[in-house]
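Each remark here refers to the structure printed beneath this line.
Letters A, B, C, D, E and F name the chains as they come in the text, with residue numbers starting at 1 for each one.
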Amino acid sequence: MMKDAIKEAEILSQALPYIQKYSHKIIVVKYGGNAMKNEELKHNVMTDIVLLSEIGIKVVLVHGGGPSINAMLDKVGIKPKFINGLRYTDKETMDVVQMVLAGQTNKELVSILNGKGAKAVGVCGSDASLIVAKKYESEDDLGYVGQVDQINPSLIYDLLDQHYIPVIASVGCDSEGNAYNINADIAASSIAQELGAENMVLVSDVPGILKDPKDETSLYSNISSDQIDELIESDYISGGMIPKVNCIKTALAGGVKKSCIIDGRIPHSLLIEILSKQGIGTLFTRKETL
Amino acid sequence: MMKDAIKEAEILSQALPYIQKYSHKIIVVKYGGNAMKNEELKHNVMTDIVLLSEIGIKVVLVHGGGPSINAMLDKVGIKPKFINGLRYTDKETMDVVQMVLAGQTNKELVSILNGKGAKAVGVCGSDASLIVAKKYESEDDLGYVGQVDQINPSLIYDLLDQHYIPVIASVGCDSEGNAYNINADIAASSIAQELGAENMVLVSDVPGILKDPKDETSLYSNISSDQIDELIESDYISGGMIPKVNCIKTALAGGVKKSCIIDGRIPHSLLIEILSKQGIGTLFTRKETL
Amino acid sequence: MMKDAIKEAEILSQALPYIQKYSHKIIVVKYGGNAMKNEELKHNVMTDIVLLSEIGIKVVLVHGGGPSINAMLDKVGIKPKFINGLRYTDKETMDVVQMVLAGQTNKELVSILNGKGAKAVGVCGSDASLIVAKKYESEDDLGYVGQVDQINPSLIYDLLDQHYIPVIASVGCDSEGNAYNINADIAASSIAQELGAENMVLVSDVPGILKDPKDETSLYSNISSDQIDELIESDYISGGMIPKVNCIKTALAGGVKKSCIIDGRIPHSLLIEILSKQGIGTLFTRKETL
Amino acid sequence: MMKDAIKEAEILSQALPYIQKYSHKIIVVKYGGNAMKNEELKHNVMTDIVLLSEIGIKVVLVHGGGPSINAMLDKVGIKPKFINGLRYTDKETMDVVQMVLAGQTNKELVSILNGKGAKAVGVCGSDASLIVAKKYESEDDLGYVGQVDQINPSLIYDLLDQHYIPVIASVGCDSEGNAYNINADIAASSIAQELGAENMVLVSDVPGILKDPKDETSLYSNISSDQIDELIESDYISGGMIPKVNCIKTALAGGVKKSCIIDGRIPHSLLIEILSKQGIGTLFTRKETL
Amino acid sequence: MMKDAIKEAEILSQALPYIQKYSHKIIVVKYGGNAMKNEELKHNVMTDIVLLSEIGIKVVLVHGGGPSINAMLDKVGIKPKFINGLRYTDKETMDVVQMVLAGQTNKELVSILNGKGAKAVGVCGSDASLIVAKKYESEDDLGYVGQVDQINPSLIYDLLDQHYIPVIASVGCDSEGNAYNINADIAASSIAQELGAENMVLVSDVPGILKDPKDETSLYSNISSDQIDELIESDYISGGMIPKVNCIKTALAGGVKKSCIIDGRIPHSLLIEILSKQGIGTLFTRKETL
Amino acid sequence: MMKDAIKEAEILSQALPYIQKYSHKIIVVKYGGNAMKNEELKHNVMTDIVLLSEIGIKVVLVHGGGPSINAMLDKVGIKPKFINGLRYTDKETMDVVQMVLAGQTNKELVSILNGKGAKAVGVCGSDASLIVAKKYESEDDLGYVGQVDQINPSLIYDLLDQHYIPVIASVGCDSEGNAYNINADIAASSIAQELGAENMVLVSDVPGILKDPKDETSLYSNISSDQIDELIESDYISGGMIPKVNCIKTALAGGVKKSCIIDGRIPHSLLIEILSKQGIGTLFTRKETL
């Protein structure tokens, strides 16, 4: 038993260089979609966030909603409508999206974090005009699908300075008070850039970028910015992963130090990524690091 | 035209003593229910709040939801259930209540305030464990109807210190993460007591307390704490007004300097109450002031 | 009566954009000369200043003395002496000028402001070496008539930071301790430039710049910097108004955002200018705004 | 020459314990009357104040006017009028008193201090309502002779915190804006009590309290509070010295640690008193120290 | 490998409640004597301290010297002299003691801590008069063996506030500049009391208090203050452990929340004690906790 | 006796301009070697430092050890070894050097300063990695003789901000924890450059730079940077004075305003240099000042 204790302490002790590396630095964690489905894993991710926050890392949590939104739309009898894989959002749908994201998912995450001893505060893009949005510019009209016009980070800084964990629902707002549905990866990326985050971690439900999609062990550990286009062209990155990775590319170009896609289904994948030598998932850096 | 300008400036100038009186003091404004129905009046109330905040008064806005909640319950096919005039709230209903309050009404008010140049931040009781709630103690089981167990005011102070307007949805949260529906008047009263507010203003859709309910001009301008029980017994205060007035009684006993019920249907009733000699509605004070 | 209240509140509410515009900004008000003669108007101007200060605008009051100086010179048997319209100031006269400005006018304004609930502090150019002056450079020796050599604004900033209203008598001082009579418009202009004031308001006893001097309604509402020389040449601006307007021209060139000449005889002209859409008097801006 | 330097440095070095004793403590220096007549001595006193301030002692200078007031009253043809040795002050006289004190003497002292490298700010009792006064209560009506009603010390603390030397003219002001002539010893005593001063030094034109008024060497070095009444009864303290000593008695009873009367005609008597073992003049303490 | 990572992260995650418990609290760690002999363990203890400091715990390290002192005394040819188990310390010996403690052991610990990324600052009792000492009062004259007269904690607070780890050599100093050898346990206890430490950890070279001194597994896990005397009387606590335990008793009586004796020979015993459920060694609390 | 007092006060008063000149500025004093031998002079130098600190000058004391090191090396039987006039330092010697410097000399100076009422804190280069050192680069291997690699001034600033006097032993430390003997003049010079000191004063045991080494009155009062090389070439500066003067040259080139060599054997030479017109010793400035 004492041996176990020593081994456990040894493990704690090995985290020291990582704790020092990220001390007082900002990490943006994007959590959402399918990674949210399993309650136990959700609690694990939240525990990890509280721990990171407690040891002096400034964690900003950005989340989408995913399944809950569809469930609610279903309940109120609104059929989701997709155009080229992007959700078309009419006013009525947007009302539901905002309610679920800012009133349900957001507050649930806040409650879990606070239940673990944290001081979390849930906000969305309209609070203190945090995410100023405008209609998404595209060929097709996507309704209240928005793109980020401006990030006003003062509220986040004020909350972080007072040791709160900001939990941000990916809803934007324009100056007329219209709410827009913002893709959570894009919201996280815009916020991470504005804050000059040390790391943007996308907690997903896949292991990362795979060389062979059928083989979960064929993981790319490291991808550099300049490899991304090539990997997309050669179809190693495909489907829903493309916008996600482009989001990362933009983040890195915009000043975020590094970014990674990790598997939220693996217990404590966030802690492993941040506080251990080996890391987990796929790490994206500005220059090739292999 | 110059005469008009002079007269207008004279009016501004007459507000000076009231501005000085409330300077850097806290006012809790409760806004909700039917007073929210008219869009123009809603904008007027919000403009008043921005103005009060801008001239150096610390305004905390507490709100309920009222009609929107019922509309949404209706949409998802849940029938509201009342026990002795208090809403019975099952889990499914509570989910909708929280979503509407924290995700819709709250964010709508925040957006209107910010659109007028304020820095408003919308939170609910779960944020930073602001309103710790527990199941409402009563003879009848009311489900997720809650009562205030504790107010943790740090978040409000931190927001006020940074010149944000806190907008608080009257949803409480216990340590297990269960959300509870808290009556907005009670939430406002608990918060006002914890903050030692200078004034708690209930923006309602009635003129105040009337001597003759059929005669809107038969208004009580002033009621002191010790008159309340008598007025209830003699039926001058009755129906839904009783819990509201008891809320005020508790607030005054708990340290709030004064409180008033004003008519949200009158344009700028909030400004009139706070910044003019005459006041409006019914003012409640600790000692008889007539 | 309720209608009046609503209308009054409406007026207050319309001031909001102007309050927001000037919030935490610096306004330099120059008050002096004939505009000081009427006691009621003096009280109105002071009320306006207290109100502006109370709603979060940083007001700096600069004043001359005018009639009181001559009255005192008369009492002690000193005959005022003018050279080319500028007062010649011998040592004995200067002593009287300083006594009246710094010991009488200054303290009277301070007392009025404090009587209205403000925290005003009266200083002159020698305090903390606020206005370092030197002998006025001109063809004619004007004795202790001075010009501004340097403004040391620390004291003003320190007072504004502690929410005092600085009231500054336009007396300068050189390093040997000699006091100099500084034209109050020039003192205000130098101070406004050093502080980067949002607005420099000259409270005068004329309506502003008139197209037809006999017709008070023929007012120029707006004059841009580059129009000034032309208006002087074509005699629209003449006499004592010329140095005043040149003072404004210098202020605008030196970083003051805008400046205006308003009529101190009109009640609350200062409030009208700052807090209403229509403005009053003649506004000077850097670029033509008509 | 080196010997001289060493001796001089030795003297500086001997001041160390006194510098440490008074470090960051408040000393109120009252300077006025005949002690002001000699220009050289005035400069010496001011140099001493700058030095004390520079080495970390918080010096507050309170002054009267004395001879200058009479000179000015004479100039304007007002005859001073005394009732029982106290000046009767009509409105016209009060105007002159205030002008001379706040506009002349005050600013002259400020200029001298600043000329020696200090940051002095001259104020009077009306500034920030520093000295709230009321009509002196006595059998005889003394006009605008006032007594201290309240000291509002915030302005002094604010100035001291920013390392300014506050120079205070002994003029009080009531809430209606009436100025009152306050005896400078009393003003100094009231201020010293409010500030809990470490020492109140009255710079006078006598050596101190003499056992034999004709023999300047017959000086009392130390007098304790409880000896004062006896010394007055036995005529050792008499004439104009009586109110001065009563002032000291009140100061000591009100919390001032110690007080002394020193001879302003002796060069650097202030430095000798504060920074040397021997002291100078008569020291008053709460308990007998002989 | 992934399994290992998950298990490791799980261990990190289990430390969260302990991290939260000690967050921003003060822990005094006493390290010295034989526990210092093994270089690897010394590094382990220092790593633990850096980790605790990095995750937000305010660690104060107090140390003695032990073997190094004797080694140096030997080198310079001074024979150590003990009276009743306490070192007799002549002036020459004291010079060596201070040199070794403050100049060697102290700086070595500081260097190790800083080499691991900490900001450690080494001081002794004379720095900022941290430990004011006087001659140890006892029947036998022990020379420069001292006892604590007063702790002046400002320097420790100032260093902790700036996120330095204070490393304190157990040397005291009187006002004449005489250094005294202070028992390190006593120094730690005095400091822990003055700081109101959450925990005082004595890192020793024994497992803790044993029921059977020959059986290292017969450890008392918990001892309450009121058991101590009895355990001494019944010889369970004996020899050099008696003063150590009395030190703990004093600390608990003087406001230290809890204290423990842990085995510095066990790797990471400090981390195990502070950050895990099981603890290690013997824990002393004010009330019986078994 | 009064005359003496006046004269003494006059001397104090003449120090005013120098007090003002150095107010809140940083002076680095290097004290060491033979200048430390006389106990009385040591106390004089420390008194001077306390006085300078007390009147608002930020004094940083850097010291070497000199005679004490050799005495201790002798005691432990280590023979000092010099290579080209620089001490060769093996590991064993370095241990003694550090112990004496950081554990004896440093703490002795700290105790003397604190005994005079100061708040001094003794540190060496390893504390907070203040002086990062590396092996001295030279033709001959000098063992643990080091040169400054980097100065991390945060600890000094933190101590000065809290009104401590930092006392720094000239021992450096590399990242592996190896201590190095740093020449105290060089340490002082590096620190003075990093701090942008107003003056670096080398307290020595010679009068300064002499034109005729046999004639102590043939002192150079002023030497400018560009004269140094010439004076070395022409042998006016020779022997051990050469590295000292080169140190000064580097300091001046690196931003130190001025530097001087003064004679520590003259009582209060430090006060004379800093607080009097005449100065003492040889002053080095960037440009020729004769």
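In this section, contacts are C-beta pairs under 8 Å (C-beta built on N, C-alpha and C of every residue); 3 or more make two chains touch, one makes a residue touch a chain.
Chain-to-protein mapping (UniProt): A, B, C, D, E, F = Acetylglutamate kinase.
Since the model is a prediction, treat every value here as computed from it, not as a measurement.
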item	value
Shortest chain-hopping distance from chain A out to chain F	2
Far-end chain from chain E, centres as C-alpha averages	C
Rotational angle, Cα trace of chain E fitted to chain F, multiple of 5°	180
Same or different residue numbers at the chain B/chain C copy interface, by half rule	same
Distance between the centres, which are taken as Cα means, of chain C and chain A, whole angstrom	56
Centroid spacing, where centroids are CA-atom means, of chain D and chain F in whole angstrom	44
Between chain C and chain E, centroid-to-centroid distance (C-alpha), Å	69
Sequence positions of chain D contacting 2 or more other chains	none
Pairwise touch network: line, ring, star, complete, or other	ring
Sequence of chains encountered when the ring is traversed from chain A in the direction of chain E	A, E, F, D, C, B
Residues of chain C that touch chain B when the two form their complex	1-2, 5-6, 8-17, 19-20, 23, 44, 47-48, 50-51, 54-56, 116-117, 266-269, 271-272, 275-276, 278, 280
Complex interface listing, chain C residues touching chain D	72, 75-77, 95, 98-104, 106-108, 110-112, 114-115, 119-124, 126-129, 154-155, 158, 162, 164, 171, 173, 175-177, 179
